[in-house]
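Written below as structure tokens is the structure these notes are about.
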Amino acid sequence: MPIIEMHMMVGRTTEQKRRVMAAVAKAAADALDCSINTVRILITEHQLDEFSVAGVSAAEKQETAKPTD
Amino acid sequence: MPIIEMHMMVGRTTEQKRRVMAAVAKAAADALDCSINTVRILITEHQLDEFSVAGVSAAEKQETAKPTD
Amino acid sequence: MPIIEMHMMVGRTTEQKRRVMAAVAKAAADALDCSINTVRILITEHQLDEFSVAGVSAAEKQETAKPTD
Amino acid sequence: MPIIEMHMMVGRTTEQKRRVMAAVAKAAADALDCSINTVRILITEHQLDEFSVAGVSAAEKQETAKPTD
Amino acid sequence: MPIIEMHMMVGRTTEQKRRVMAAVAKAAADALDCSINTVRILITEHQLDEFSVAGVSAAEKQETAKPTD
Amino acid sequence: MPIIEMHMMVGRTTEQKRRVMAAVAKAAADALDCSINTVRILITEHQLDEFSVAGVSAAEKQETAKPTD
């Protein structure tokens, strides 16, 4: 422990995942004053239609934003 | 908050996911009397061989049921 | 399935939890067109110092808000 | 209940998943002295770049190990 | 890996938790043919008003059942 | 997103939780190059008899270690 589950939108590269896991593991170990060897991280990616804020999926939000953004 | 994780069998359409996220977000906000803007929902889909009841996977159950169902 | 995990701030009454579980289960079953009997919901409560947005815990946010709120 | 979530590296066969779900469900029901019918298991698979120990992803570890292993 | 999260109703003894963690870890390692040292298990307990089937919490179900059960 | 769940042994102070949430949120936002405002973190604490490695709970491990450690 700690065991950390990260939920992210799909689309990060392997390099980004490596970087975020290295940075988060170090931050957690430093802040909790524990060995980094005890830190395990799991990433779960979610498609655009698998995440919503206020009941509106990221897919819908992206569609709506397209004309102006 | 609330943050809601929904585990479902694979196979729903994007339209069904939108509908269930909209309905669940509204239901949660109404019942908890909080702003729907605070409701975040994550969907994780599971393959037929990644869910089991009583130790029997959905895949096995479907195979067994095929001849009669 | 679906199996639904709800993360909430601590402090809801048993009555509120009943109401939100009833409402969310019905919303999910209706939207997914499945039997409500297949819907299982788990609630996990989090203390004010166990949830953060932008790295600021709900406890800190509440303290900051106290003078004006 | 119990509801059990298993996180595993990607790559197991359907047969292995069936076997582990059957074995874990039986072990849990026996040890908790409850009906196996109440045991639900969800498997989530993670890619090699989605799991890390000590901030080092399984993908990196595998690459490093290749020349000698 | 595997990392296993077990959700259970509150009320098991420390002895029962030890037993189920030992049994499930062994079952998972045997079935997946991996070292038991790689198996981590997390238990999360839920109160009676924090779990529902078909929108009915375990607390309500127990109350309803009391007169006859 | 990202939404981050941290599982930890019980016993950290509110100050430690604040520190780890601030550090992890910053690390994640920096590494993923996203706004820290999108980072939500949930902490779940586990008792000593609710976490095991190799089927041996942290409670047992601590007991065994007591005489010599």
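Note that the chains take the letters A, B, C, D, E and F in the order they are written out, and that residue 1 is the start of every chain.
What we mean here is this: a contact is a pair of C-beta atoms (placed from the backbone, for glycine too) under 8 Å apart; a residue touches a chain by one contact, two chains touch by 3 or more.
The model shown is predicted, which means the values in this text are computed figures rather than measured ones.
Asker: Scan B-C, C-E or E-F for the interface that duplicates A-F, counting it as a duplicate when over half of the contact pairs agree by residue number.
Answerer: B-C
Asker: In angstrom, rounded to a whole number, how far apart do the mean CA points of chain C and chain F lie?
Answerer: Centre-to-centre distance between chain C and chain F: 20 Å.
Asker: Chain C to chain D: how many Å between their CA centres?
Answerer: That pair's centroid distance is 27 Å.
Asker: What residues in chain A touch two or more of the other chains?
Answerer: Within chain A, residues 3, 7, 22-24, 26, 40, 42, 44, 46, 51 contact more than one other chain.
Asker: Per the touch rule above, enumerate the chain pairs that touch, sorted by label.
Answerer: A-B, A-D, A-E, A-F, B-C, B-D, B-F, C-D, C-E, C-F, D-E, E-F
Asker: Where on chain F is chain A touching in the complex?
Answerer: Those in contact with chain A are residues 1-9, 12, 16, 19-20, 22-24, 26-28, 30-32, 46, 51.
Asker: What residues on chain B touch chain A, complex-wise?
Answerer: Residues of chain B touching chain A: 14, 17-18, 21-26, 36-37, 39-45.
Asker: Under the definition above, what is the set of chain A residues touching chain B in their complex?
Answerer: Checking each residue of chain A against chain B gives 7, 44, 46, 49-57, 59-60.
Asker: Going by the contact rule set out above, which residues of chain D touch chain C in the complex?
Answerer: The touching residues are 3, 40, 42.
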